[in-house]
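Look for chain A in each of the two complexes below; its partner is chain B in the first and chain C in the second.
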Partner chain A sequence: MATDHSRVAARFMISPAVLLLLGWMIIPLSMTIYFSFLNYNLLSPGMEEWIGFTNYEYFLTDPAFFAALGNTLLLVGGVLLITIVGGIGLALLLDQPMWGQGIVRILVIAPFFVMPTVSALVWKNMFMNPVNGLFAHAAKALGFAPFDFFAHAPLFSIIMIVAWQWLPFATLIMLTALQSLDQEQLEAAKMDGARKFNRFFHITLPHMSRAITVVILIQTIFLLSIFAEILVTTNGGPGYASTNITYLVYAQSLLQFDVGGGSAGGIVAVILANIVAFFLMRMIGKNLET
Partner chain B sequence: MLSNKTDYRKLLMTLLAWSVGLLIFFPILWTILTSFKTEADAIASPPLFLSFDWTLENYTEVQERSNYFRHFWNSVVISLGSTVLGLLIAIPAAWAMAFVPAKNTKNILMWMLSTKMLPPVGVLIPIFLIFRDTGLLDTLTGLVIVLTLINLPIIVWMLYTYFKEIPGEILEAARMDGATLWSEIIHVLTPMALPGIASTMLLNIILAWNEAFWTLSLTAAKAAPLTAFIASYSSPEGLFYAKLSAASTMAIAPILIMGWFSQKQLVRGLTFGAVK
Partner chain C sequence: MGSIKLENVSKSFGTVEVIPPLNLDINEGEFVVFVGPSGCGKSTLLRLIAGLEDVTSGTISIDGQDATEIRPARRGLAMVFQSYALYPHMSVRKNIAFPLKMAKLDQAEIDRKVNKAAEVLNLASYIDRRPGQLSGGQRQRVAIGRAIVREPKAFLFDEPLSNLDAALRVNMRLEISELHQNLKTTMVYVTHDQVEAMTMADKIVVLRAGVIEQVGSPLELYRQPANKFVASFIGSPKMNFIDGEAASKYQAHTIGVRPEHLRFSRESGPWKGVVGVAEHLGSDTFLYVTLEGGEQFTVRTVGNAEFHHGDVVYLSAEPENIYRFDENGLAIK
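After this line comes the complex of A and B, so read on.
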């Protein structure tokens, strides 16, 4: 039994972490909220004035916002689709008996540890470059014209790069879930004559549903904030073709110095992320009780 | 007959898995190979796979031109600094939550997690302005502070799930013997918790090393870590494939090796214990 003494000590030990995070969350966030109601540009200091919801009106009716919102959804959705389908497939493959499983695992997991700026630049220059990239060489060898990825399909190219980075994470989680699957249940189904296809859809997939949900939620949190990959490949262009909300807010605040507008965009991003976070927290909270 | 069939299947699976694995790993392999080529060989058509004149000149040139090791050192300071600082704050907190749980412990844990879900752009401007006004912009101190705070929830959570697995009876026994709180932590808990602390440390170093939103927006030249240094290759230097590859290889090699040792912790840490 914990004594009163240790209870007091426990509170004392938790408080630095709590206070720091509280400060990290409340101070900047309330400043962002405050700035979002101001006409505030870093290029004209001292001219700040209260303008109510005008920044939100401008941000939410700006065509750039709709482009960025659409791109954000495509980016998150596209990467999720590739990593979940690919992750389940890879996990099923890695779970089979084979020689050198450990080494294959190491190969598959590697992209996750490559920093975003490196993977984006390596893909952009050494693979997707229309003149010297490997894809261009491959296309020429097969008699096709090389494809200029970032000029004609900038968002798609970024989706491919980000999916490559996140596929290992999805695979690892699916594999972890797969390895906790009750083998006897599968054997029993096999005995009863259930086909492979049915065994997968009625036993394996339901067992993995929790892992899939976790992958969706965790990745969504990170994918909503994709930034470096866009900055070093396209700078959001051409036009707004590959700008997501994170990049739009960054550009508005640190490139155009529009603190008010950028802040309003930041708050919009916070609200969007909160919707996702709400579901994620419920899932993890449930797990905490068991 | 049966063993033949299983062997055949195993061979097929081995071939398939190795092909897929090599395909996924190929961009990294290609980067490493290209880093040993001359610039002319790097853009040769058709591409040269292994039959080229291996050279180390890209590595020396990257260092000479851009003082690579300063950026490397910045990355080391930022990732180690934020991890150690984070652990110092998180270990007592996680210990208390795991062994002296109160009614609101679960709520505190969930709330900490929620701070991790705050999109960085939501707080970018205030942090930028505060840093500008306090002289923390483009300093290692500033980056250590920010990275400590953004990874603190993950550190607390990971440590909490590890500490939870330590049987409470051992602590009871130590307490019966008259151990004080601090001697309990140092002599009983720490040895048992060390593997968990080490895993947490490893994963956090990796996350901090690769963090690219704050390191790109809060640094200019002085405190730029490798993420920002590599970003300077976005154009037109990026077209020097061999040098880009050498810089990239040096930036990812240490973390790739650490990452291979921490695969399991990755699942545990990033899912906050939701998948085991």
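After this line comes the complex of A and C, so read on.
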């Protein structure tokens, strides 16, 4: 469609934006890489020296790293599982004709608009607090001992909070997918003898597979870098029980003032994210093709 | 097997009555076409028979058994949808096998039946493709294939040809008619196209606003329409109507003459008019004539009639082919 001339002009005109974005990415990345090879501690300024891969060695052999890696995977996996299963379930419910549909849909979306720090604090202080929280009151009313969520199941608690935040997003995407399903297909399946259960698994779920991959892709990108919820609730503790890679990098560079070690951790996180992205893109590429 | 009987069946959506109580018998092996203008309730009627909609009152019996409360799959009917409703994520083979899989047949039996259907419908060459890679006509065949593997008591077609182009539509029309000759299964076919109705049906059911206007064979409807609506709906081009003085000569409120039953001359005749448009199709010529009284008449004549815009023409009707209607639009016998 476009002539050679207009193509050249188009490239020329988008180049400032591309260069800006490239610089925006390249400069911090290369500085991080550079710092990661330095012995750079904020407590001893002016003492920076080149130490090669020592920072990486320390970071990768630190037991905290493996704990954080496991926590990161559990956090991402757990939240994905809850939001996808829950999102499909809620979407199926919201798709039913009912009174006040518009209001209910807005209510469902609402958690997405709450800032992560705020929602985590609300959960921490109003729901999961072992003395004043609603869950504690409910447990006491039923005759059980209140459960101290952040002390005994810190990662699980954070997974719950993050899942609560992302459930609306998943629900919304699933709902739109559900509404785009051709009703005649469901009717055809009905005529073909498929009952509700079979209709869901053979018609509805395959139809939603694309939406599910989109949810997995977008959520994974954001869930790998969960930070605020951990900072305001458990501070990564007790021990390293709720520390993920992002939080570990933060602790390394800003709590221990070790910029070099933190940078090395950041680069490791980038590599890990790329590995995850590689597998995700392969999976999604297959799913988005048809 | 495959007779369907509707007794006092009615359907309302909320307070709107789409189909007032109606009775209809569909005999075994018949090709029945529901025809009517859009919104006349013909698709709703088909969906009631299929069980995709619940009847508001009345009973539907299939092979003498009350099927009103039976769920769609158990009625033993197969349906071909307007959009074909193929399952996009399954190959053609899996699409056709789906009803058999749901019926929990064993794999060897499924393969045998699917292969047979593929052979009958000539779709073996694209059996491993997905619906998205098929043309409209091929999708249509797959949809029919999915219907015939179930060996249903009756087939229900919901405007199956309306998404195809004209040439393909004629082909598929023939194929469906042929299929009916081979299978001898009852078929119920919904269309708004009177040509499809006339060419395929053993029995046509003309519907208007949910009411059955007339039931009969194509030629019965053509020769003895029960009222003005049926008269104008069946036959192409439409029947011409004239009322007032010209009609009272025949003791009727309105008389109707089909385009093919009009004679014309340049010199004299009872109705004088001016040619508006003349369509020369080669085999036929259609003249659109405006009469002195303002009525629009269509005249069909075989071969080439040398008439052009603005020519004066005198029309007369073949006396044995004049249809007479009273003031309520009912035919006078």
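Assorted remarks:
Quick note on the criterion: the second predicted complex is superposed on the first by the 261 of 290 C-alpha atoms of A that agree within 3 Å, B and C clash if a C-alpha of one lies under 4 Å from a C-alpha of the other, contacts with A are read in each partner's own complex, and residues count from 1 in each chain.
We adopt the following convention: contacts are C-beta pairs under 8 Å (C-beta built on N, C-alpha and C of every residue); 3 or more make two chains touch, one makes a residue touch a chain.
As the structure is a computational prediction, the values presented were derived from the model and not from experiment.
Contacts of A:Asn198 after superposition: chain C is touched, whereas chain B is not reached. Of the two partner chains placed around the shared chain by superposition, neither chain B nor chain C is touched by A:Leu81. With both structures placed on the common chain, the touch criterion links A:Met47 to neither chain B nor chain C.
Partner contacting the larger number of chain A residues, of chain B and chain C: B. By the document's definition of touching, neither partner reaches A:Leu255: not chain B, not chain C. Contact residues on chain A toward chain C in their complex (touch as defined above): 182, 184-185, 187-194, 198, 202-203, 206-207, 209, 290. Only residues 50, 52, 71-74, 77-79, 81-83, 85-90, 98-99, 102-103, 130, 132, 146, 150 of chain C touch chain A when the two sit together in their complex. Residues of chain B touching chain A in their complex: 6, 9-10, 13-14, 16-18, 20-22, 24-25, 27-28, 30-31, 34, 43, 45-47, 89-90, 92-93, 95-97, 99-100, 102, 106, 108-110, 112-130, 149, 152-153, 156, 181, 206, 209-210, 212-213, 216-217, 226-228, 230-231, 233-234, 238-239, 241, 244-245, 248, 251-252, 255-256, 258-260, 263, 266-267, 270-276. Within the complex, the chain A residues that touch chain B are 2, 6-7, 9-11, 13-14, 16-18, 20-21, 24-25, 27-29, 31-32, 35, 90, 93-94, 96-101, 103-119, 121-127, 129, 132, 134, 137, 140-141, 164, 167-169, 172-173, 176-177, 180, 210-211, 214, 218, 221, 224-225, 227-228, 231-233, 245-246, 249-250, 253-254, 259, 262-263, 265-267, 269-270, 272-274, 276-277, 280-281, 283-285, 287-289.
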